[in-house]
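Labels for the chains are A, B, C and D, by order of writing; each one numbers its residues from 1.
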Amino acid sequence: MKPVCLVIGAGAGIGGNVARRFAQEGFHAVLCRRRDQDGLDELVGIIEADGGTASGRLLDAVAEGSIEDCVDAVENDSGPIEVAVYNLGAQIGNHALGDTSLKAFEMGWRLGTLGLFRLAQAVCPRMVERGHGTLLVTSATAAMRGNPGQHSHAAAMGGRRLLCQTLNAEFGPLGIHVAHIVVDGAVDAPDTLGKMLGPEGYRRLREARGQEHDGLLLPDKIADTFWHLAQQHRSVWTHELDLRPFCDSPWWNG
Amino acid sequence: MKPVCLVIGAGAGIGGNVARRFAQEGFHAVLCRRRDQDGLDELVGIIEADGGTASGRLLDAVAEGSIEDCVDAVENDSGPIEVAVYNLGAQIGNHALGDTSLKAFEMGWRLGTLGLFRLAQAVCPRMVERGHGTLLVTSATAAMRGNPGQHSHAAAMGGRRLLCQTLNAEFGPLGIHVAHIVVDGAVDAPDTLGKMLGPEGYRRLREARGQEHDGLLLPDKIADTFWHLAQQHRSVWTHELDLRPFCDSPWWNG
Amino acid sequence: MKPVCLVIGAGAGIGGNVARRFAQEGFHAVLCRRRDQDGLDELVGIIEADGGTASGRLLDAVAEGSIEDCVDAVENDSGPIEVAVYNLGAQIGNHALGDTSLKAFEMGWRLGTLGLFRLAQAVCPRMVERGHGTLLVTSATAAMRGNPGQHSHAAAMGGRRLLCQTLNAEFGPLGIHVAHIVVDGAVDAPDTLGKMLGPEGYRRLREARGQEHDGLLLPDKIADTFWHLAQQHRSVWTHELDLRPFCDSPWWNG
Amino acid sequence: MKPVCLVIGAGAGIGGNVARRFAQEGFHAVLCRRRDQDGLDELVGIIEADGGTASGRLLDAVAEGSIEDCVDAVENDSGPIEVAVYNLGAQIGNHALGDTSLKAFEMGWRLGTLGLFRLAQAVCPRMVERGHGTLLVTSATAAMRGNPGQHSHAAAMGGRRLLCQTLNAEFGPLGIHVAHIVVDGAVDAPDTLGKMLGPEGYRRLREARGQEHDGLLLPDKIADTFWHLAQQHRSVWTHELDLRPFCDSPWWNG
C-alpha cells in the first residue's frame, strides 16, 4: 500500500502542486478543499494522468469535527497518513482596524491557527503510534511581522508559527517532523492570488513579474522544497525556512 | 479632570500595581477584573489610601460586548482614557496536545488575542480623535517561543505579539503608542502565580527565589517600566522590551 | 563620592545627552571621544553649568590598551564606575560589497564589536567585585537585519548584539545589568547625522522631520530611557528594547 | 567542463561530505583546509573512488590574500565556481570573559566573519558576470543567540549571519543565491567534534547519541540539504533554515 500524503487546502497553487509531487514520488495523495468539485476532480485527473494515484474530498475546515472525520476516513480508506500538509491560508487583504470585523478576525484564527491545532490533534497520535510522520505547514510573511492592515492575518499566522514550535517540541522527539515554511512573497496561483487580483490584474502581474521573470513563487518549485523537507533524515530536520523569489526583498528588509 | 488609566486584568500582581503607580502620578485608575468584588474594592482602597483616585469594575472580558461597553462607560463616567493596559493572561500550565481541549485552546485565544483586538477597536478611535494615547500590552515568554506543553498559550501569545505590531503600524503614526512588554519570568503575584502553585508551593517559591532574592519579578517594579513607557516622548517610542530577574536565563538562553 | 557614569563615544548626540542626564541625577560623568577637545570642553561646561560635575578625555578607542587604560584612570581619578555606556557607532553609509574595503570592514568590527568586548573586559571584573553595575550599549537597526550596502555595519552590529547576550548570560547573575538598546531611526545629532549629511542636508532634514515634527530621535529624550534602564530594580531588568520616532516604520516593517 | 564547487573548510565533517555530494552530482569539487595534506588526499581519494573528480588545496584562510588567490587559482585551473561553500567554524568551547583573550576574540572574527566577507568579495563579482551562482554558508546556534561562555563565537557568528543578509540583499537580485544554514546541534564529525572531545569522549558520545540513535547531525545527511539549496529554482530561494536532530531542543527552546 502506498503511503498517504494528505493535503488540507489543495487548490491549483501550493497545495495541488505538493500533492502532485508526492504522488509522483509514490505517495497516494488526498486533496481536500472547501468547494469546487470540478476543480478538485481536475487536480486528481492531472495526478492520475501523470501515472499517480489521488483522491479528492470537499472539506469545510471550519465545521465542527470536519478535519477530525477527514483524518479518520482517509486512514480507513487510503491508509496511514505519512505526510500531512496544512496549507489553508487566512489572507484577506489589508484592512484598517475599524474595517476588520470580529467575524473576519475570528475566521482568520479558525483557518490560520485552530485548524492546524485540530489537524495535529487528529493525526499526531497516529503518527506517534507508528513512530514516524511529517507535518508540513505552509506559512506566510505575516507569521514573522505584523504589517499595516494585517490585523487578522498576522494574529492568525503569529499563532500558527508558535503552535508549530510547541508541536515540534512535543512531537519531534517522538519521531514526527514538524516544519514551518515561510512563503515570503506572492505565489503564482490562480486560486488565491488570481482571485484576489481578478483576471486582468493577475494577468498583468504575471506579465510583469511572473513566468520568465521568476518574480512570483512558482508552486511546482515550492513543492520541491516540501518534498525535500519530507525526505530529510531525522538527524537533520529543518523546523523553519523561508522561500521567496530571487528578486524580492525578504521580510526583514522591508 | 484627571487623565484615565484603564487596566483590563487588575489583580494583586502587575495590573493592580500598574494602576496604583499611575494613580500616584495623577491618573484616575479604573481597575477591571472578572470576579472578586472584595479583592477589587481592596485594590481601590489601597490606591485611595495612597491619596489617589480609582474605580473598580467587574468585567467578563470574554462576554460579547463587555470590553466595548466598559470603554464606553469609563469614557462617560471617568473621562478620556489616556492609557489602556491589556493585562489578561492566558497561561494554563503545561498540557500535552492530547490533554489540551478545543475549549481551552479557544479560551486561550479569546483572552490572549481577541480581547486585545476588541479593546483596540474600542479605544483606538477615541485616542486617534484626541491625537494621543498609549496602549500597554503585558505579554509573556510564550509570545517569543513555543515551549513544550504551551500549545494554547503560545498560539494565543504569538498572535498577541503580531497583533501589537499591526496595531503599532497603523496607530503609531497617528500618535498612539503601542508597546508589547515581554514578561519573561515568574511574577511574584498572589492572584496568578499564587493560585497556580497553591499557598504552600507559593510560599516555598517565595522563600527560595522571591523577596530579598529578587528572583521573581516584583510587580511594583514592573510598574516602573510601564510608567516609563507611557512617559516616553513620541520621538523615542519603544515598541518591544523584555523584563526578567537578574538571575534568570532569558528566553533565548533556555 | 559620586558614582561615575563613563560614556565611551560622547558627542553632542546620544553620548553627550546621556552623560548630562546622569550628571543631573547625581553622577559624575566622564565623557570620552576621539577628538575635538573644544567640543568635549563644551559638553563638560554644559554639564557644569547645569550644576553637575563631569570630566572629559580624548580616547582613541581603536588604539591598543586605550579603553583599558581609560577605565583604570577613571576608577583611580573619579571613583567606581557604576554605569558604563558604550556608544561608539560604526555606520559608514551604504557601500556595495566591491566598494567596501577590508580596512573599512575591519574598522567596523574594531569600533562596533571589539571595543565593547574590551570595555567589558576592563570594567566587568570591577563591577563583579562590587556586586553591581550597569553596561548600556547603544545599538542600531543594523544589529537586527542586514540592509543593502551595510556589509561592514551589519556584521559589526550583529556581532555587538550577540556579544551583549553572552555578556548578559555571564554577568547578569553576578549583578551587572547589560542592556542592548536598538536605536531604530535617525538621531537628531549634529556630530554624527549632521556630519554624514553636511550642514545643508542636515538643516533640510531637521526642517522636514525634526524639531516640532518629532520625526528624528531626540537625544535628550533617548537619555530618559538610558536613565530608566539604569534605575530598573534587579528583579525586572530589560535586556533589549527598541527606540524610534512615532511616525517611523520599525525595522521589521521595512 | 564540470561546474565547480569550492568548499572552504573541508574536513571529514560537513565540508568533506558536501564536496562529495556535489561531486556525485557532476561537480568538480575543490576542497580547502588549513593543514593535513594526508587527510585532504584521503577525501579527494574517496571522491575519486566514487567516480567523481576533486582537487585539494591547503589554505590558511587567515593569511592575507589567501582566499582571494585561491578563488583566482580555482577559476583558472578548474573552471567557473558555480557553488561556493563557506564552512569554517569559529567554535573554541566555552570560556568566561576573563579567559577569552583578545587574540582568540580576533581569531573568531577572522574565521567567523571576515573570511566570508573576503570570499564574497572574491567570488561574487565573477558570479554576477555569469548571472548565477550559489554561496552556501554553514552557521551555528551561536548565530542566533549568545550563550554563556560564547563571547568570541557568538560575536563572530552574529556578524556572519547579518553579513549573509547584506550579501543576499545585494546579490540575490543579481542572480546569486546566498543561504545561511543554522546547524543547531552537534555534528558527528571526527575533525571538529572528535578533536574537541578527544577520542574517548567522542566514542562515548557517539555510543550514547550518535549512529543508530541519530542524536548527532550526520554530515552526509546535512549534505542533502546543501545540495537541495543549490538546486532551488530562483523563484523559490531559501535564505535561512535550521538543521538539528529530531531529539534535540531547538535553540529557542533552550
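Just a few scattered comments:
The rule is simple: contacts are C-beta pairs under 8 Å (C-beta built on N, C-alpha and C of every residue); 3 or more make two chains touch, one makes a residue touch a chain.
Quick caveat, the model's predicted, so the values are computed rather than measured.
Same-residue interface: subunit A and subunit C share over half of the residue numbers found at their contact. Annotation: the B-C interface is duplicated by A-D among the options B-D, A-B or A-D, judged by over half of the residue-numbered contact pairs being identical.
To overlay subunit A on subunit B by their CA atoms, one rotates by 180 degrees, a value rounded to a multiple of 5.
In this assembly, the C-alpha centroid of subunit A lies 34 Å from the C-alpha centroid of subunit B. Work out the mean CA point of subunit A and of subunit C, and you get 45 Å between them. Computed centre separation for the pair subunit C/subunit D is 34 angstrom, with centres defined by C-alpha atoms. Counting partner chains per residue, subunit A shows two or more touched chains at residues 145-148, 165, 168-169, 249, 252-253. Taken in their complex, subunit B has these residues touching subunit C: 165, 168-169, 172-173, 175, 177, 188, 214-218, 221-222, 224-225, 228, 231-250, 252-253.
Subunit C contributes residues 96-98, 100, 102, 105-106, 109, 113-114, 117-118, 120-121, 124-125, 142-143, 145-151, 154-171 to its touches with subunit D in the complex. Per the touch definition, subunit B reaches subunit D in the complex via residues 144-148, 249, 251-254.
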